[in-house]
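Input: a single structure, listed below in structure tokens.
Chain lettering (A, B, C, D, E and F) follows the sequence in which the chains are written, and residue indices restart at 1 in each chain.
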């Protein structure tokens, strides 16, 4: 195996995950690290929805994604989201909206703002995971404040990357693996078993249907484990 | 079936496809219609590459995606690409780069500019298909001009959408189907058999692994057919 | 004559003109070619007017002008309209507004979006001509839909360029002539006989009043011919 | 006559003109008022040309046009030049470039920056006139500094507006006339006798060729007078 | 003394000040020069306030700051305010708002637009001084028009720079001094005796508390003199 | 005392300060909290300087300042720095550049990026303090890597706010105090004793010279204490 795994991991191991809730006083504020990738995702509730949604009795969830300048090896000058950031924030938003019964949420918006503090691959999946936890805390806050009677959360949301490295499937790629992967998949699940979003790209040569199947198998190993870890984090005292 | 198919199609039929090459004098210029969706994709070759690629002996393929203001029911004000357009141009670019051996292309760039003249769903897949044909014509032009000895095209590229409508898989969705789909997949193939990009999104409820499998089966029915149609178009006199 | 005319034209001949109506399903959609210059102009009607016009009982006509990246020899990067495009879209808008009785149009806006598919000089006049035809089709659509009782079109609009090449006046310049012209005039007429806009610029040395007069004579030869061609196109079945 | 002229003028009278040279220490700095319209035009010389002109041995003249926020009745918020300002700065630039033998100027740029301090119509023609004087002073400075042996100025440049008010031609419109004009012409001359730019627009109904002719006659009355006034200003001690 | 003072000034002398009121027809329009620094500050009144202030019964004062392209030695390309201009316009705005009893002003805004015609250091303090005078004239206009019964001006506002040059304090620095200063202070007073804003920066080495004290002493010498000069200007016939 | 101090503080007490070094792997990465205000400041070194500084043998220090959307009570939409942020990043940059002997730093840039995670007043001074510590760690990294022989740090830098609340001076204002302050001062010191920057603003009525003096006395109480705390943090194992 030319490219060793970090943290002495086997092909289907996740990186060590660390979750800190209430990192700042926002409604949801999750400091989430997955190996050397570290993100801060916050949730803020606004008691209104975008103009085009007013009067429909439904809520909304938005997402932003930003890499801090010092989060990568060479400094990333701050500024407008580039194409990659735009693509990622749309993925995060779609994934988190799948968690919510928008009618049960009512006409309010939850804004999930994702900040990559350190990038070592897997930042978009880390943001979906941390964003889901921030969303849960914000919803709990609405219930505690008497603004919601019961939770509009329909499903738990989990996200993980898988890739093909030298013909072998690996779960939860870190930077060196990510750079070398022939195929790169990001899979977002509901409740660790159903699918919310599948995005796979051939980085070099096209891949076969059989390779796709084995990568999805591997993804579900991680997604189920994440569901449990997130559940535990939400049940512990923050 | 609540939502009828257009053009009296069965679930695994493509919409009628019309391909006009050399629509304008650009190196590649493809007017491509797929049912009521109509796009114009051009290819322009520049004998240089982006600054960050200079000196590597490799070429590059870029893509842009723009909806003309009159292409949709309500006028779309012109301006900067929005988030959706950014996501799509990145998908088109990645897909078309998969067609090319960049070292064989040499240090030059092919710019694929995609213009949606009329939108009736499937514009991104139509642009990938038309962009592939424009790319082929531009490459032929380079060979005819003696700038390339042999073609750097490694694979043909095809793209199609599939979706789940009321539990049934359908190929090549038109607007009414696209709006009603529970799951929306865009699949890009190489040579009609291997995979270059898979993007699937649950529009409403999460979907199962089994549903994903049957949608991919359906996609390949269309991708194979497209490969043949494109081949025929390229072999005919423009 | 150092610079030959294209299409074996005499000094007061127009380039061959080709008009295709209903090129896309928009309210007006004109594919218009004038020699090797090819434009697509669409018309979209919105049942409201800009904020500063609300409540005056009058309509409005707007125009945009965009060159597609592949429309010129070297690729034109897409983006915000530059100074030239801004100047041209204002000319198109003013010219087309002269066609319309705004009170008869009522509080609605017609948006004329002009796209240059291939540029071989005369793109602004081609856009005024095609824009006028798209405007007519959009108005016919309003009448057919019962939204207007009678047409608010007061005048037909025609536009042509004339120039001085080596002391000789020429009608409807193509690219080589346009680059070499000492004086460049764009003339917009109403009904082929009256004037809506006159714009003349000395590209090299100043020109005399007598030269201006002979150029205007030449312009009217073309404007009258255009009036007839446009009339025929509008009367034919699209 | 429904709309009286200001300053008790006859139809072919100019407004009172006041010219102050060296208003600030810039190479050229002209405070120019024409009735209640007041502009400040400066000229700055840079010993280089835009990138696309380097190495051709030719100079360049650029222009900008800006209305100060307090220059109009209702405050004009500062910001990017709008469409009108873009159109005007291009007109000023073309007009002033016609004054100069670019090879004799050599590879340097003269930047003419026009600021409208108070607007009472005719701001674009006032800026061309003041810009021409600022250009002359900047050229004189280059000669005085030994950077140029002889003047590259080929022609004097003058600009004036004329319009049709209730069927009558009037020279040098002020605001009330400008708002009421049926036709609005701006004419730029060389040496008060030849033409550099002609721009005429029907504000309401189209105008006839005969009306155009009489408006041009009227314009030349003013252009000749301006040539003399500018000559006197340049010959007086600033 | 290595760097001589301009105008044969002693260390605590101001530069010669020249004030011209009603330079243009705006509500307030002050041409103010301080040695070779020359600014034009205008005041425009709008009978509304920013959206976030509506309904509070209070007025507002805004400021902008712009350097004309020809105001400095090398031409300053026009465009968006840079960081320095942003900082300065905020300082001007805060300083002038301190002059006004916002409730007495009522729900209207006074916009102070500052244009630097020539820059020889001290432009921000010149703009505060000229802006104050423009504000006074605009307020007088409101009173004359019967829109205000009595003046909402609570304090006169004055501003001056002081600096340390080779260990010596100097009042009202000109360009050469400003470039060489070790410490640069801008002090804004009310009525020439109290403080509205103090901004001091060590340009090279840190400065001591004692140096700060002596610089403030010097500043008040100038501020008191300015108060008198401004008073005289306001009492003279414009 | 109408507005109580937080943390049971006396008027000249700082809020509790917590400093975490190496929060992320960047060259400098300081998580700094001061009461409920929490900032993350990173330092990244680039081995080049801005274009206008190349070849002078001197280094540079830049700063950015950004409030995270969830850092304030109502969500702050991300985007371009507003006027306040521009003013603050300039203050941070100037303050930190005062710490460094630029010739000893050599031609390299240190970028200090400041992110406000939670805002409870005093964010700009917290960023200067945290930025100074991040700068120190980045410099230590350069020395450890053999890129610098000795430290170019000339002075320690400290920053604190002081204000007048109901006539009483208070050190290190928190949000409620900041909103109610009549005068707001930010003072930046070198080594806790000399002055680098003084910025004081009357929020309501002008203040007297005597009040300024007492506020500066109070500021130095805090600045000296900060110098010690920072020293201890830098000497502890991160």
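Here is the rule we use: contacts are C-beta pairs under 8 Å (C-beta built on N, C-alpha and C of every residue); 3 or more make two chains touch, one makes a residue touch a chain.
What you are looking at is a predicted structure, and each value in this text was computed from that prediction instead of being measured.
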item	value
For chain B and chain F, chains touching each	A
Both-way neighbours, i.e. chains that touch chain E and touch chain D	none
Most distant chain from chain E, judged by the mean position of its C-alpha atoms	B
Inter-centroid spacing, chain F versus chain A (mean Cα positions, whole Å)	33
Approximate Å spacing (C-alpha centroids) for the pair chain B, chain D	52
Chain-level touch network, classified as line, ring, star, complete or other	ring
Chains listed in ring sequence, where chain E comes first and chain F follows it	E, F, A, B, C, D
Residues of chain D defined as touching chain C within the complex	83-84, 86-87, 89-90, 94, 98, 155, 189-191, 194-202, 206-209, 212, 216, 220
Touching residues (chain side chain C, partner chain B) in the complex	23-27, 29, 36, 38, 40, 42-44, 46, 64, 66, 68-71, 74-75, 78, 80, 111, 113, 115, 117-118
